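A, B, C, D and E label the chains in the order they appear, each numbered from 1.
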Amino acid sequence: MPQAILSLKNINKSFGPIDVLHDINLEVRAGEVLCLLGDNGAGKSTVIRLLSGVHKPTSGVMAMDGKPVSFANPREAADHGIATVHQFGGTFPLMSVGRSFFVGREPTKWVGPFKVYDRKLANDTAVKAVQSFGITRIDDGDRLVGGLSGGERQALAIARAVHFGARVLILDEPTAALGVKQASHVLRIVNEAKRRGLAVIFITHQVMHAMAVGDHFAVLIRGAIAADFRKGEKSREEITDLMAGGEQMAELEAEIESYMAAGEGHPEPAKHVH
Amino acid sequence: MPQAILSLKNINKSFGPIDVLHDINLEVRAGEVLCLLGDNGAGKSTVIRLLSGVHKPTSGVMAMDGKPVSFANPREAADHGIATVHQFGGTFPLMSVGRSFFVGREPTKWVGPFKVYDRKLANDTAVKAVQSFGITRIDDGDRLVGGLSGGERQALAIARAVHFGARVLILDEPTAALGVKQASHVLRIVNEAKRRGLAVIFITHQVMHAMAVGDHFAVLIRGAIAADFRKGEKSREEITDLMAGGEQMAELEAEIESYMAAGEGHPEPAKHVH
Amino acid sequence: ATIAVVGGSNDDAFWNLIKKGIDDATPAVVANGGSVNYLRLQNYDNFAPDVVQLIRTAISQKVDGLVIPNWVPEAEDPAIKDAIAAGIKVILMNAGGADKARELGAINYVGSDEYVAGQAGGTYFASHGKKHVLCVNTLPGANNTEARCKGVTDGMVAGGGAAEQLPLPSTSFGDPTAVAEAIKATLLKDTTIDGVITISAGDADAAATGIQQSGITTVSLGSFDMNAAGLARIKGGTQTFAIDQQPYLQSYLAVSLLASAIDFGTSLPTYPVLTGPGIVDAANIEATLAGVEKGAR
Amino acid sequence: MQSSFSPGAMLRRPEAGAFLGLLAVMIFFGIFGGLTFLQPAGMASWMNVASNLGVIAIPVGLLMIAGELDISVGAMVPFGAMTVAVISGHYGLPIWFGIAAALSFGVLIGLINGYMVIRTAVPSLIVTLGTLFAVQGVVLGLTVLITKSTSVALSTEGAAKTIFGDFFFGGQVQVMVLWWLAITAAYIFFVHFSRFGNWIFAMGGDKVSARNAGIPTERMTILLFVLSSTSAAFVGMCQAILYNSAQVAGGQSFIFNAIISVVVGGVLLTGGFGSIVGIFFGTITFAIVNQGIYYTDFDRNWSSLIIGILLLVAVLMNNTFRKMALSYSPRKMGVK
Amino acid sequence: MQSSFSPGAMLRRPEAGAFLGLLAVMIFFGIFGGLTFLQPAGMASWMNVASNLGVIAIPVGLLMIAGELDISVGAMVPFGAMTVAVISGHYGLPIWFGIAAALSFGVLIGLINGYMVIRTAVPSLIVTLGTLFAVQGVVLGLTVLITKSTSVALSTEGAAKTIFGDFFFGGQVQVMVLWWLAITAAYIFFVHFSRFGNWIFAMGGDKVSARNAGIPTERMTILLFVLSSTSAAFVGMCQAILYNSAQVAGGQSFIFNAIISVVVGGVLLTGGFGSIVGIFFGTITFAIVNQGIYYTDFDRNWSSLIIGILLLVAVLMNNTFRKMALSYSPRKMGVK
């Protein structure tokens, strides 16, 4: 197994009196997708915010390539090669696709004595990057982001992260608001990033999506790591139960199961309650 | 089959030059869950907005119990017994749970000559309604909504709709941002509403969720109904393809499938690309 | 002759009387083939630059004559000199004085003087036995209002009394209740005050109420400039006097003198032409009211 | 279930910060100004100022709770005053004509503001900045056109004078104080006890969701703009009757004074949070600070500085209380 | 790919509305005022007004693009003027001391505004309203304390006079016009060509996302507040040198005039959209409307009305253009 790019050791995080994370230990490796699972409020986004320099841990050690690091702000994390697509936001409706893509890392060129924003390069790069992820409808980098669909915006954010994320790509619920096609697009993008040798951290509430791309799974329950296992070590039912905070999801799952089993064989319509 | 409570006949909807819906025909019956499926931007939320009085159709007929109706505003739709939880928003962070629950339909009582807002009744009703859906952590109606978790807020919105939605309950992607446990809670709520005899319209991008509760499925592709079938008439793969706008989802699905098949039997970890 | 007149803010009662004087003088100018253009300040918020701007506007319009108040000499003088250098005949009106007019090369000064008007008010108070006067300034920091209050103080001191200024914050400007209550509070706190003077006629409306509220009947009220309500008070005895600089005359004379000088080469030996300060009190209230009827006072 | 009368719950109410601010200001001026300003004559002093401001501040505050701003009130005060003075003073028509006309113009400008805000996506700050200038221009232009003057006298006798522009209680207190108290009580009922108040909070929280919840947001928006500009015209009208005269200029100080009172009273500028009682306290606080300095020995030249610092301190205090309100949950969240 | 020089693309730019507005205003005054105001002397008239306003309007507009407001500029103009007048006029110290002090105070107040905005969640409208009053109070109090007067004379000779407060071009045009053009060019580079401009737009679009994208949002916010209050102090200082005197009062008209220029220039009050060229056009438009009336035969009393209507029309026009910009997509969306 390769050495971890990024590792968390005994990380704790409190917001004032509220303890959110408790003794987190995690490792992320190149060419591997780590799925971070857990209930609403379990602390997944908080872990991400520590890794991307938005917050600082209250205690514990973060290390890159074995050397301890500390990020004063998101910029420093980005400079260390950590690219993050946060759960909400990340795009700017009234900005052009090109400018939005390069926000905070604008490409410049020299024009005489002045270093100016290279609009053409930015637009071309942005359009190419987005199209390489299959969103071919975006062909004008001057178009405003506000005019894109939700799936297109998500793709833009991810394309941006992949473009700049030299080593670690972090995606916080990238598929939540997406349709089946867009979601599968995102999953393909994750597989593509993994194939390119990036380490990926992927957060989702959908077992199917997690299982489709994950190599390694960590489940958070109320701020602590409740389970940490590799692909194939646990069944879908076990993972689902863990994602639900360790409770038995039996009833509903059973209903879904029974339907699915039946569904293949085209059962007769269920009886209705009137 | 019982008579349709709500039906759409040849409904079209354009925003200025943009045609969004095209010749929609749909029927919703009591005690039945209609799943509205489709890609991002297919027009699902637009259908919902017509049904809930936010927009008016450009042409076509909407009927309740066979009689044509037209809603001038959301209030009129609500007065006809149509309760909607919209895709975004619907809760007010700086309002109390009780006031948020009753917003627009505040309970009043007479105090001398004055008709005043009945805070106690509102709080008690709201807390009871939310708790009856399993969210027992909310026990004070004066608490501000902004302090609730995403799942709790969603439950509040649904509990509100069920409480007022005498006949038709519409949920637009209620499970999108929810954890596995919360999502299954919502699915149980849908089943409970159905059992109580409500007609439910349910929008989701997750096949599993759709199949877990749906009796009847309608798939929108680019603003038109591309398929309309009942429970058991189509397989999960077929539904998934339809949800993705009719395209083949084969590759990725295959990967998921293969994993799932293998998952049950604890396969050895997949090889990594380094 | 084409004549430009620069004047005070649009919504200022005083400058409306100036406008009446201009309007009444205009027919004679027009009859001789000329025109009169009245350039008014929008407000007093950016005073000196705006005034200079209006002078330059007049220069750019290539007028023959300019009637201009010299409110802020440091700022206006260069522009007025430029105007004269451009061949424009200038009369200073309302503010500036004879010495300034001579220094700049203007042909005359028509008007009163804020400081002199203030002095007249102070002297009037002192000669009526008042010992301690409050000058209420709702626009502290502005040149003209500061000069008025300073004049009152010097006039009182010369007459053996004392005076002080009450500056109100900008949050009280235009709220008569806040002005009235500020005056009342000051009167209650310092019972030696026996006279109040306001820097504008509108403030006197509020001051009258404030004095009445204080319950101190020995306080007499004066005001700079006057309005209908103030004149009614003078007639009714609840206000003692108003300082009038007869704005109608200022503009009427200034425009007429200037037009005549340009068109016919006349010149007036009287230098300067003083239109004030005049005091309106119970003695001459009836005649004043007759002028008010006709919109000239 | 938590009792709603616990000290903790009290501290989380929107008016908590405003109330503590009021106490602090009273203690401050009590120490530096003696207690004159708490005795009847002194109280009348700031009550009169607070009443004129308060009648305008409450509807302005309601607009802020609903997520809008109205700065055209600064032109509506002289508009109301001038309308009654021109109609009943200059033309000598019965005073009730003038009163009716002043209030009607208030309604009219409110309708214009409201319609422009709901029909266009232009922020209300900009819309009402436009009407502020436009109404100022109309008042000046029409007044001069009609009366050849910018100051119009008005003398009122009888019932209208007693009801709108007189003093009572030993000739010290303006009838406006009674109006203010009555109107505040009516607003408290309207906002905190009737169902409509809930609608205003919902609109400020999320306008689209509020509309979807069946609230007639457009009608409410127009109603609130009509309330604020009519209230401003009402105050102007009463001032003209009280002071027997109306000026074209002035009234602009009501813009910032009302905003300060509302914000000091705990209303959130971004909408969705606040209370009438808070605005009431905020108005009194502002009036005491504005007038209290005359009871002290401070140099009057520093009054603006004191007002500015008060505003910043009050807002920071409210901010703290609002955070407490939001983070409140009956149990401690977190691990273990 | 769509060429960025097509007429359609031009119309979608933020300054399109502002440019058409400027044309409309020029035509309007061309018809009603003759062409005098387009001849050199007339041009100097509105150019001088526009230059003083423009130097302040651009940083105020940048703050609006970044989602903030600064109304304390209304107190910074007299503060800057008074500082240089007191130091170099009253105390007679070298003019460069006064200039340095005026600008330093600008930086200081900007830092205070910026820190309060980033450290607290209080909206910048309220924070700067507080500093507006506080600075007004300080200027009045200190000036009276030091000089026993509210108007201080200042006479400047030599280089400082030539650079900051003189006329050129036949004694018609203020040097401020040169400053304005140079500063505008610098801002155009800074905002539209350097990378920092992108940061400002991102901050106005979504501050949290901007920070997460690695933009030093706090430092940028402080920088922008420093820019606006220093620019206001600069304008005040130059006015004092030009007019040889400084008054305590005044400057407040810059608040609304700057906001109007910025909004007429196509900047979105809620942030994230606008352009320097637009603000430049907006400032000229405002200056022409403000001065143009003196070249017409209209009754001067109606000028406020004209300004108010101009503002509303300009904003509605910009609104239309912004909608076009947003809904633009190379292909028609929809069914079939």
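The rule we apply is simple: a contact is a pair of C-beta atoms (placed from the backbone, for glycine too) under 8 Å apart; a residue touches a chain by one contact, two chains touch by 3 or more.
None of the values given here were measured: they were computed from a predicted structure.
Note on connectivity: the fewest chain-to-chain touch steps from chain C to chain E number 1.
For the self-contact between chain A and chain B, the two sides draw on mostly identical residue numbers; the shared fraction is above half.
Compared on C-beta pairs in contact, C-D and B-D come out with C-D as the pair having more.
Using CA-based centroids throughout, the chain positioned farthest away from chain A is C.
Between the CA-based centres of chain A and chain B the separation comes to 26 Å, rounded to the whole angstrom. Rounded to whole angstrom, the centroid-to-centroid distance between chain A and chain D, based on C-alpha atoms, equals 49 Å. Centroids built from CA atoms put chain E at 42 Å from chain A.
Within chain D, contacts with two or more other chains are made by residues 136, 140, 144, 256, 260, 301, 303-304, 307. Shown for chain C are the residues that touch two or more other chains, namely 10, 140, 167, 169-171.
Listed in rising order, the residues of chain E touching chain C in the complex are 36-37, 39-42, 44-45, 48-49, 52, 77-78, 133, 136-137, 140, 143, 149-151, 153-155, 167, 171-172, 239, 242-245, 247-254, 290-291, 294-295, 300-301, 303-304. Here chain C touches chain E in the complex through residues 10, 37-40, 42-49, 52-54, 56-57, 59-62, 72, 74-75, 78, 82, 139-143, 146, 167, 169-171, going by the rule given at the top. Remark: chain B residues 52, 54, 73-75, 78, 84, 86, 89-95, 99-100, 102-106, 108, 114-117, 137, 139-140, 142-144, 146-147 touch chain D in the complex. Interface residues of chain D facing chain E in the complex, by the touch rule stated above, are 116, 120-123, 125-127, 129-138, 140-141, 144-145, 256, 259-260, 263, 269-270, 299, 301-309, 311-312, 315-316, 319, 323. Residue ranges of chain E in contact with chain A, taken from their complex: 1-2, 4, 9, 189, 192-195, 197-199, 201-202, 204-206, 208-216, 268, 272-273, 325-331.
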